[in-house]
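Two complexes follow with chain A in common, the first pairing it with chain B and the second with chain C.
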Partner chain A sequence: MKFNASKPALMHAINAVQKAVSPRSPLPVLTGILFEVTGNRLYLTGSDTELTIQCNIEVETETEGAIVLPIRYISDLVRSLPDIPIQFNSIPGSTSVIITYGTSQVSIHGYEPEQYPRLPSINRGTGIQVPQDELKEMLRQVLFAVSNDETRPVFTGVLMQVDGKQFRLVATDTYRLAMKNYQLEEEIEQPVRAIIPGKTLGEVARLTGNTEEKISIILEENHAFFSTADLKIASRLIAGQYPPYEQVIPREFVTRTRVTTREIMDATERASLLARDGYPVVKFTLQENSCVVSVQTQAGWIREEISGLVEGEPLEIWFNARYMSESLRALNSDELCLELTGPLSAAVLRPAGDDSYLSLLLPAKPPKD
Partner chain B sequence: MSRAIMLVDMNAFFASVHQALDPALRGRPVIVAGDPARRHGVVLAASYEARARGVKTGLTVAEARLACPGGIFIKPQHELYVDFSARILRILHDFTPLVEPFSIDEAFLDVTGCYKLLGSPVEIARQLKERIRREVGITCSVGIGPNKLLAKMAAELQKPDGLTVLTPEDVPRRLWPLPVRELFGVGPRYEEHLRKLNIHTIGDLACFPVDILKRRFGVYGETLWLFARGIDHSPVDPGSLKQVKSIGQQITLPRDYRGEEIRVVLWELADRVARRARTGGYAGKTVILSLKDSHFNWLSRRKTLPCYTSLAEDIHRAAMDLLERHWSPRWPVRLVGLALGGLAARLPEQLTLFGQREKRQKAEQVCDNIKKRYGEKAIFRAVSLTRAGVFYAAEPPDTAPSFLMKMPRDR
Partner chain C sequence: MQKLKKQIRLLMEENDKLREELARAYGQASENIPAREGLKNLWDLYQQGFHICNVHFGRIRTTECLFCEAFWDREREGGR
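So, the complex of A and B:
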């Protein structure tokens, strides 16, 4: 294997794939990145066998070939190289590579490429196309609600559901739930559901661009694939039954308010500064034409009144301040529509005038003294 | 505003309790020791009469007998001391609500606000000494100072039955000549560290450059330096002893357990730990599993949970996770310990979406109530009926759960 490449192109590709590699894997070959040259393209692959990311860049090929290089060295090394043409040359009959830059050289020992996991092949699955910027924003709106509790794997994933023209993402950690709908251009014949690991989608969100260019998503029985012109991401799906989330979305409400998102977010965050021990819970009092955010702790008290239209009965409800501000951040709207069914049941947060998104937030029981 | 802090220290507490209960013991050398029958028992407390003959806390029974052949050895009765301690605390609470129990036989009082009501600190001290002597039958030493440190140091200066006032002005004259080990907060380890810096008396420490102490010992170095100068800003905190850090239980198994069997014991321990947490109103964030085999190989691993819990199911799940991660199913286990740490009290309770958590919570709460009313063995997990169960299945259940009893049984 021998090729010439530029530093920025190599950096771009390494950055794209390295999050899929676990540098402390007990299998040595899995601590590396696969370099594969065919034609005039270099394919870089990172994989922990669950998640595989492949990025390709254009290079000047002299001979084709492949090698696995350890991420611990190759990533920092390339980052520190000068921005001049770089040549990779693997020594025939060995697993080392010599990197030449200007008059200098560095050699790194790697591993045989044969044992490295390759991208799973796509058989036939349901495929859809979504503009990258739309998907990125959709993911941002739901990923905050993914659980990181590994003991309940289903909640560490995002439910991806395609039915007819509707493409839906749902995430919940049982304390809150976020749901986003998107209207596809083409209709899908067979409805599909898949639970995709939150980590995978975090990478998809990180790597997709702010462009209208489309990303294609293919859902198979055990895998999900995401691909753009220079990027392929494959991920194992999470097995299990997603909970019946539709049943828990309240259909009616007793109190509804519309307030400025920014105001309620700032108030919540200020109030949470006084509630730092244990759970930072803050009281929200909905009364005639205002929402009062308040809390009293050993440190002191705070009270902020935010004017807004309140319909229905006055209500007092407690929320975890951190959950509340994360939900508000994901709302993507200047105005919040908050619907409540009681002090001990789920609140519904919607961006005013946008039906494609909603999130649920479960309250906390009022603290006892 | 200068504060008036008091430390009340019961003299030779355990021994005094026995002397208070039994007039025949008064004026005699009473020694409370581990187990007088066994030679390796250790002296826990000695009356002043015994101390006069050289009996000190920490001696073995054999040594104490040698020093004081006429000594009266008594086995410790902890419930008794707890009871006496509570009676004394109640008396202290008659003077001020700001009472911080410091150990079983010591308590700090903040009497700053009592002047108009009860008189000067010295008068208050006289009154409370008198009441404890009359009502409980025990003498105590009282130290009075502008902070907890000086109150504590003052109480140490005169024992038994003392009443000493230390003011900041007294510090150079009365405290500085004392060996540094006498300073509150200096244990044998720090004494050794300080000796290496040629600090032998409290005065040496007070005159030592504070920046060197800070560099050597961190914040604690500065705290000790301030202590040596008689400065201490810590408040009298009535709740300090009530702060529980962890709730745990361990059990030595009747034989070596392996794999699945350990799971059963973990269920039983998780249930007990969770129940104790719920009773105290606590929820915890860390689960600590300790395992030992019969060859003294041991292991202790902790796992932080995603949220606070007081549910046996969460604790068990985390414990199983630790077990699978760190212990082979083939390795034998002789002792299992399970603890819930990172405790917080009276947390607001976060509700969940699908109601599963609330259901489990309700179930465990109901079990608590049943156990409280009908006894520990009234309800337990079915796994406890397997051979591996330790807490419940030792004897076959003679009253089967009622839902299994279709027919009335003749007994």
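So, the complex of A and C:
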């Protein structure tokens, strides 16, 4: 294997795949990145066997070939090289590579490429196409609600559901829930549901661009595949049944309010500064034509009145300030529509005038004096 | 590390079995006692910090749970 590449292109590809590589994997070959040159493309692959990311870039190829190079050295080394053409030349009969930059050289020992896991092959699955910027935003709107509790794997993933033309993402840690719908251009014949690890979708969100170019998503029985022109991501699905989330979404409300998202977000964050250490809860009082955000602790008190439209009964309710801020940030709307069924029941947050998104947040218990 | 993992797996399996037994015990109890009393028992269990939803029934509840709340709301509405 012998090729020439630029530093920015190499860094772009290494950054794309390295999150899938575990530098402390007990299998030495999995601590590396697979470099594979075919035609004038260099394919870099990172994998922990659950998640595999492959990125390809254009290079000047002299000889095709492949090698696995340990991420621990190759990532930092390429980052520290000067921005001049870089040549990779693997030594025949060995698993080492010589990297030449200007008049300098460095050699790194790697592993046999044959031992490296390949991207799972796509057999037959349900495929859809979504603009990259839309998917990125959809993921941002739901990923905050994914659980990080590994003892309940189903909740560490996002439910991806395709039915007809509707493409839906749902995430819940059982304390809050986020749901986003998107209307596909083409109808899918067979409805499909898959639970995709939050880590995978975090990488998809990180690596997809702010472009209208489409990303292809294929859902199979055990794997999900995401691909663009220069990127392929394959992930094992989370086994298990996603709980019937529809039944936790309240349908009737006693109080509704419509306020400016920015104002309520800023007020919540300011109020949380005075909240009790370890229990950052903030009181929301919904009354005629305003929402009052307040906290009173030993540290002092704060009261902010935000004018808005309030319908129904006056209500006092407490929320965890951090969860409320995260839910508001995910809203992507200037105006918030907050719907409540009572001081102890889940609140529904929606972007005003947009039915494609909602999030639920359970109230917190008032702090004990 | 392997030993620790094995112990965790055994404890988790034992926990699952205990949860199933607890669910069965509640099921049997609710057949023999009036519905309101069965609900009270569930409410007590919930207040003691356990899940009463079918997603995590019997597990320790560290925070409030959307599924328990929804279950409880349905039961309350059904009782009216």
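The criterion applied here is as follows: the second predicted complex is superposed on the first by the 366 of 369 C-alpha atoms of A that agree within 3 Å, B and C clash if a C-alpha of one lies under 4 Å from a C-alpha of the other, contacts with A are read in each partner's own complex, and residues count from 1 in each chain.
By our rule, a residue touches a chain if its C-beta (ideal position, glycine included) is under 8 Å from a C-beta of that chain, and two chains touch if they have at least 3 such contacts.
Nothing here was measured: the structure is a model prediction, and the numbers come from that model.
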Room on chain A for both chain B and chain C (clash or fit): clash
Touched partner set for A:248, first chain B, second chain C, both or neither: both
Touched partner set for A:279, first chain B, second chain C, both or neither: first
Which of chain B and chain C A:360 touches, first, second, both or neither: both
Touched partner set for A:264, first chain B, second chain C, both or neither: neither
Touching partner for A:174 - first (chain B), second (chain C), both, neither: both
First (chain B), second (chain C), both or neither touched by A:99: neither
Chain B versus chain C, judged by how many residues of chain A each one touches: B
Contacts of A:34 with chain B and chain C, given as first, second, both or neither: neither
Identified clashing stretch of chain B versus chain C [170-178, 206-214 or 350-358]: 350-358
On chain A, the residue positions that both chain B and chain C contact, one per complex: 151, 172, 174-177, 243, 248, 344-346, 360, 362-364
Of all residues in chain A, those that touch chain B in their complex: 147-149, 151, 172, 174-177, 243-245, 248, 277-279, 281, 318, 320, 344-346, 360, 362-369
Chain B to chain A touching residues, read off their complex: 306, 308, 317-318, 321, 344, 346-354, 356-357
In the complex with chain A, residue positions of chain C that touch it: 12, 54-56, 63-67, 69-70, 73-74
Interface residues, chain A side, partner chain C - complex: 151-152, 172, 174-177, 243, 247-248, 250, 341, 344-346, 360, 362-364
